[in-house]
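For reference, the structure discussed in these notes is given below.
Chain lettering (A, B and C) follows the sequence in which the chains are written, and residue indices restart at 1 in each chain.
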Amino acid sequence: MGVDSNLPGTCAGRERDVSLFVDSVNAAGSLLLSGDSTLLEITVLSLRVSATATLIAALIGMPLGAWAALTESRLRTPIVVVLNASMGLPPVVIGLIVYLLLSRSGPMGLFGWLFTPTGMVMAQTILITPIIAALARQTIEDAHGPLRDWFTSLGLNAWQRILTLLFEARFSLAVVLLAGFGRAIAEVGAVMMVGGNIAGSTRVMTTTIALETSKGDLPLALALGLLLVTLVLIVNGFAQTFKARMERRNA
Amino acid sequence: MLEVKLRFTQPGALVRINRASVIVDGKALLSEINLTIFEGESVVVLGANGAGKSTLLKLCNSLISPSVGSVQTPPLHEQSLIFQRPALLQRSVLDNVRYVLSVRGVAEPACTEQAQRALAACNLSANANQSARTLSGGEQQRLALARSWACEPRLMLADEPTANLAPSAVRDVESLLHTVQSGGTTLVLTTHNVAQAKRIARRIIFLDNGKIVEDRLATEFFVSPHSAAARTYLEGESL
Amino acid sequence: MKPISHLVALALSAISLAALMPTAVAAQETTITVASTTSTEQSGLFGYLLPHVQKATGIAVKVVALGTGQALDVGRRGDADVVFVHDKVAEERFIAEGAGVERIPVMYNDFVLIGPADDPAKAAGKDIVAGLKAVYTHKSAFVSRGDKSGTHAAELRYWKMASLDPATEKQTWYRDTGSGMGPALNTAAAMNAYILADRGTWLSFKNRQNLKIIVEGDAKLFNQYGVILVNPKKHPNVKVEAGQKFINWLVSAEGQATIAGYKIGGEQLFFPNAAKK
């Protein structure tokens, strides 16, 4: 790409911006068709890191949210406030904290997780656990309301209630999981810091988009962006189909 | 002050409430309740809205504790509570019944067998695999009954179970309740519907403003109520 | 109970997925972590160089690309085995602190002053100091990296040589973006502003819009790269043998020739100048 005589902000500039989008759609198409192995690598890594983080965050966040929904302790309101607020934790701050934790000079340096996918999983898990817990809490609380008195009349203990409610609200909780996954795979600040965006080992779709943008290769960056959005759409599509099949089975 | 749950001291007495009051936020929902319910009875608690009928039922079920006085009731696993709006799970009709059986510790295959029998008794076998949420109002209440049926409770408490139902559904539910009760289960039902009370009750407890105003045989109560409150109520309800 | 078995299955799959995460490379391969600069990475040098390194030494190099300041900081913390940056003053301080073993010159490239094609400040020429004075006088938009990188440090040195200090004076035409070379170039392209860049990043930068090279060839624009092994006495986890092997290869005849062989559009980017043995 040589020097472009179109100044930004002019009519010609806007035309160029439109052709930029067209270029990137073309680039996205040809990237996919070419079966570029680097693209496959970063896509698979993005999915693995975010899927693992979502699973771990669910294992921690859902019981936590369920507990918060059912507890009668006086700490309930402050816990709910903290949980809801923590959904807004800035990823870049989490990235910095995890980076300092995992650094060789830090308390968890022994594990050697800095600049590895495992470190990235840790950062994303910390990021989305509050989201999953807070949303699970609300979902389970809503499900609990109409069933509360009946549960009491059955003499259920807390653990039985939690398990029953987790299953009861399973469709809404699936959406909560998807929300967590979406947040994780879209994240760039924390994984950049903790992973180091190393070619061939910790480069994911979002960090590649950031890199290509900073190299000025905007069509490629946009193309990757389109692919990422498509990927998330596909994941959500699968989830919805699965849910529909389950519902039909129940009816 | 203390609530004491003991094995009943009087033979045949299932529920004993002794000078119990329930006070919430300074307001007495129930005052000075003295009540004994015997095994095998069919009791209807009658009264206007806000008289304290639901509160009395919750007292029997230990959903709430009295602020004053004592309550002796059978253990929870021998009781069953049916609500005005049935609390159903997002599962199939059959699985809703299987759920309570598994909570009671019944293992497969007995669990599924007993559930199917309960559904059959309540005329819901055809809906076994349907999602419980898709049932009609009357069918849902029959499912709640099937759930209770499956557990073979000694004491069944029903809080205005047909208040939301169409007349044909009301008939179905009442007939099932009758079957349950004639099988030996003690039935305590609340209603504000006098006609229903006449159909079901053998004993009437009339509540007014949180107090038991009358506690008599149904036949005698309806012929000549003792209290002014009851008289006014019955006149108002008869159309 | 069904829900419990679901939870157990979930737990198992999460744990196994996490365990499959490669935390260390497979048995036979040695890996080192090199903290380097964004300008070096974005010029494409490492993409070209590392396969040669692997073939010659069997070492897989993981490059973490950051600003010079941050790269040295990573080295200080022991999170990298080798640092490879281009800021002599900062590097010497790094050694003096005891964070690194020895500073070894490897190669140089040069900086260029980039600006709008029509050069409103009339800064063009072979003299960087004169060029910056022209920008200052004309109050033309100027983008600074402002991120303590080697390029930023160089930029500040040139302003000092011109006895000017737009940063401290908070001149409105001087835009301190606090970003890497690529993002800063993006900003300059969008603003049609002047900016100091390293030739390597400029040559591989694809979003030039209306910008071109305004000043080049001044000896003062010479940009020296040095490589340093992180001090194993401070951080016992440093892979001394592999790190040293990497450094030795860089300054060897083969390494130096490979560096010289990297070209973009027929133009050589980096000029090897390691001390001859």
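We adopt the following convention: a residue touches a chain if its C-beta (ideal position, glycine included) is under 8 Å from a C-beta of that chain, and two chains touch if they have at least 3 such contacts.
Since we're looking at a predicted model, the values are computed, not measured.
Comparing the centres of all chains, each the average of its CA atoms, the largest separation from chain A belongs to B.
Relative to the centroid of every protein C-alpha atom shown, the closest chain centre, again from C-alpha atoms, is found for A. No other pair of chains has as many C-beta pairs in contact as A-C.
Each chain gets a centre from the mean of its Cα atoms; for chain B and chain C, those two points are 78 Å apart. If each chain is reduced to the centroid of its CA atoms, chain A and chain B end up 48 Å from each other.
Measuring from the averaged C-alpha position of chain A to that of chain C gives a distance of 30 Å. Counting partner chains per residue, chain A shows two or more touched chains at residues 164. Touching of two or more other chains is recorded for residues 1 of chain C.
In chain B, no residue reaches two or more other chains under the touch definition. By the touch criterion stated above, chain A contacts chain B in their complex at residues 146-147, 149-150, 152-156, 160, 164, 168, 170-171, 247, 250-251. Across the complex, chain C is touched by residues 1-8, 48-49, 51-52, 55-56, 58-59, 103-106, 109, 111-118, 121, 163-164, 166-167, 196-201, 211, 213-218 of chain A.
Chain C makes touch with chain A in their complex at residues 1-4, 6-7, 10-11, 13-14, 17-18, 20-24, 33, 38, 42, 46-47, 62-65, 77-79, 117, 179-183, 185-186, 189-190, 192, 201, 204-212, 235, 237. Against chain A, the residues of chain B that register as touching in their complex are 58, 61, 63, 76-77, 79-81, 83, 85, 87, 89-92, 99-100, 103, 130-131, 134.
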